[in-house]
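Please go over the structures that come below.
Consider the two complexes below, in which subunit A is the common component and subunit B and subunit C are the respective partners.
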Partner chain A sequence: MKVKKNVALSDSGFLFNPSSGESYSVNPIGQEIIKMLNEESSEEEIIATLLEKYNVERDTLEKDIRDFFGMLELYGVVKPEEA
Partner chain B sequence: MSDKPKYTIAVTGLNAIDSPGPGIAVIKSLKEAQSFDVRIIGLSYENLEPGVFMRHYVDKSYQVPFPGAGMEVLFERLAYINHIEQIDFLFPNFDAELFNYIKLQDRLSQELQIEMVLPTLEQFEARHKVNLYEYGQKYDIKVPRSEMVFTEADLSATAKEMGFPAVIKGKFYDAYVAYTPDQALNYFHKISSKWGLPIIVQQYVYGTEVNVCGVGDGHGVTIGAVPMRKLYITDKGKAWAGVSIDDEELLEGTNKMVERTKWRGPFELEYMKTSEGDYYLLEINPRFPAWCYLTTGAGQNQVEDLVNIGMGKKVEPKKEFAAGKMFVRYSEDMIVDLEEFEKISTVGEL
Partner chain C sequence: MAKLLYERPLITPLNTGMTNKFGTRTEYRPMTHIDHVAVKDLLQEFGSPLFVFSERQIRNNYQSAKRAFETRYPKVQFAWSYKTNYLDAICNIFHQKGSWGEVVSGFEYKKALKNGVPGDKILFNGPDKTNEDLKMAIENNSPIHIDHLDELYRLTEMARELNKKPRVAIRVNMDTGIYPMWDRFGFNYENGQAWDAVNKILSNDVLDLIGLHCHIGTFMLAPSAYGIAASKMSELALSIKRQHGKVIEYIDMGGGFASKNTLKGAYLIGADTVPEISEFAEAITSAILNAGFDKDELPYLYLETGRALVDDAGFLLGSVISNKRLSDGRRATILDFGVNNLFTSFWYDHKVSPAQEFGMHTENSVLYGPLCMNIDVVRENVSLPPLNAGDQLVVHHVGAYNFTQSMQFITLRPAVVLIDMKDETHLVRVREDNDSVQRYEQVPEYLKPFKL
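For the complex of A and B:
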């Protein structure tokens, strides 16, 4: 999954999609995930990083990450993985 | 001393009200032009058009006859104003006045040396709301189905067949979404009493409103184009805030329209983007929109480019602009001395 080019994320978590004009607020963990996506980390790498950093069950994290990715896809912020 | 030329430019559309004309936005862009200085002549239809009293934007105002008075009366009035002001360039900013100005274009240029950059009469008529559906079919552009109606009976039958909600539109201005046959009838009367017949019934398309403001050179080249997404819409359907967006599909569609139609002059394309990502063209306005100052803010002074085209200067097409620039409209109370109102009301000049 890749963040679309030109999508801008500010330090305050304000995310602007210049192709649709939509803007969103992302919480600090969301920002971390988007930054990792920008660095082309895989889903597994993102999960591993967050598991190490936060006190969270793997199952819960995987579910939350999937929900978050689904939302990013719905809002057109990311390009879905090519099959 | 500046070596830039100083142009005297006349502008209509000074009705900076809640459903604003484009005049003030055009003037703001003219004032920021890098390649020339300006003196602004306001042309008003009503005594209380706010632009008439905005002396920091408009140097002198003159009343002009309503479009219904005809071309000759308009020409005579412009000849009188030109005798005093020596106008170099004129911006007609209302749909309803464009027919007269297009017809007068050659005479104004040859006899009064007033230049304009306008679409041809053929381009103007072809994109008219009543012809837009055929226009879309001809140029392979998705346009919501629309039908002209002249009577209550036609309206009921057409709206029923098209289904509700349906958009009820005037031939020049006004559009309302009707959810029931009663509402449709109500809007039919409301609009026809103001703008006459026909009324257009258009299929309602759900989605996000996105518009493009641009300029065509008349030879198929887009001189500038900036797409904007409406962020705040008034009860009259006007954008009160918007943001420039970098929508490649919209820009490609715009370039294609300009190339195929050889569009000359300013334009606004109004689209609805559906949740499936389809673009439906709702209207082509043959003039700058009231939000055109955003294009200047985003780095393309299209108003300046249009003047330079009209003055015979070479203008390079611009592709770059900043996405994420916003405009937020506001209203303001000006304090005006009664003597000023008296002057424009009695002698038609201020």
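For the complex of A and C:
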């Protein structure tokens, strides 16, 4: 999953998507995930990093990350997965 | 190294240009304590979901309502509206403060008697009083507020049989400029029914007409309607004095003052728009004081205020069971309480707060109850921090009508806890169990055996 090139994310969690003109607010853990996606981390790497850092069960985290990816797709922030 | 507190990743659209005039209102400020008791501890000790009442809030509400009226009028008496909340512990707080009882059924009447309210301080309202109820009320010398002619005739007959002179009032309905008009209860003022009932009562010496009662509606937002009602009631009392020489002892203005909840579809939240009790007090008392009563014949003013005295003293605590994404992208949060416990969510947008600290970010969610029913929606759309299974919530302003109308449906009714003036907790109703329901059931013998 790749973030679109021109999507801008500020340190305060303000995300702007120029292709749609929409802006979003992203919470700190969401920002971390987007940054990792920018660095081309895989889903598994992202999960491993976050499990290290946060007090959360793997099941919960996986479910929440899938959901978050779904929203990133819905809002056109990421390029659709290639089939 | 200790791990950090986890919060679900969130991305929320910022609706620039599309926000309403007042901005979107978020309700995420957490409520971790009620009075000084931690929500977490309450749920741990008494289970989830749980109704909690603050005695401090009830006493404060009563005190300020009483002050609002007593600073404006010399003869004021409150009577606690049992149907609003008839948990005995709650009723008794009001009785300790000096409130009488106001009941609308034999069931409520017996509850008030059992709580120790003297019969002559129980106002008996409502269209459905059985002969047994009326007999009980006559023998206890309770003011009986007559709702219709059938009741008037029945009562007259019973009084003759018992050779007693019941103390009665008539319930009056009238046009106060408020729609809908509550004309199904009592006798109409404008079309002369009320006057006709008065004449019938005073034409013989069987019933003692001591008062006039009205209750013009509930969740009323217009103090001026009470001003109109109080003028008409005073006018009727004065005509009775003029034409029959009978002094009316009291005018009972019923209940109905709005509480600070937010009605569904309202543009502004209730806390910002609902009139203060003092505004209702001003409208009512000036109308009576200006009506032209002789100084020593000024009637007592009775009030049956319900929701405005108890709504904000009640909380419903509960927990998140799960959250999911709906097919249209909306977030859904499933709670362990629903419309079975929160009947009033059919007409209020109840304020809901998380009971633990969260970050700054919020998302919109629909809140569902646990029932397997489509109608089980607690809030259609509310902005809250990302809630996870096990997180706890506080629903505000549930003290009026919720407990009395809560249903045993699919699950059992939760426990009720009172937090006293010293922040100590008291279990005032235990959580129901299967036996609470099944003890009333009987299975015919032939249906007992089966093989599967």
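For the reader, a short list of remarks on this structure follows.
Methods note: the second predicted complex is superposed on the first by the 83 of 83 C-alpha atoms of A that agree within 3 Å, B and C clash if a C-alpha of one lies under 4 Å from a C-alpha of the other, contacts with A are read in each partner's own complex, and residues count from 1 in each chain.
Criterion: a residue touches a chain if its C-beta (ideal position, glycine included) is under 8 Å from a C-beta of that chain, and two chains touch if they have at least 3 such contacts.
These figures come from a predicted structure and were not determined experimentally.
By the touch criterion defined above, A:Val78 reaches neither subunit B nor subunit C.
Of the two partner chains, subunit C is the only one that A:Asp67 touches; subunit B does not reach it.
Comparing subunit B with subunit C, the partner in contact with more residues of subunit A is C. Of the two partner chains placed around the shared chain by superposition, subunit B is the only one that A:Ser19 touches, whereas subunit C remains out of contact.
In the superposed model, A:Val3 makes contact with neither subunit B nor subunit C.
In the superposition on chain A, A:Leu37 makes contact with neither subunit B nor subunit C. The interface of subunit A with subunit B does not overlap its interface with subunit C at any residue. Residues of subunit C touching subunit A in their complex: 3-14, 16, 325, 329, 359-361, 386, 388-389. Within the complex formed with subunit C, the subunit A residues making contact are 13-15, 22-30, 33, 52-56, 60-61, 64-65, 67-68, 70-72, 74-75, 77. Residues of subunit B that touch subunit A in their complex: 208, 210, 228-229, 231, 242-248, 323-324. Residues of subunit A that touch subunit B in their complex: 6, 8, 16, 18-21.
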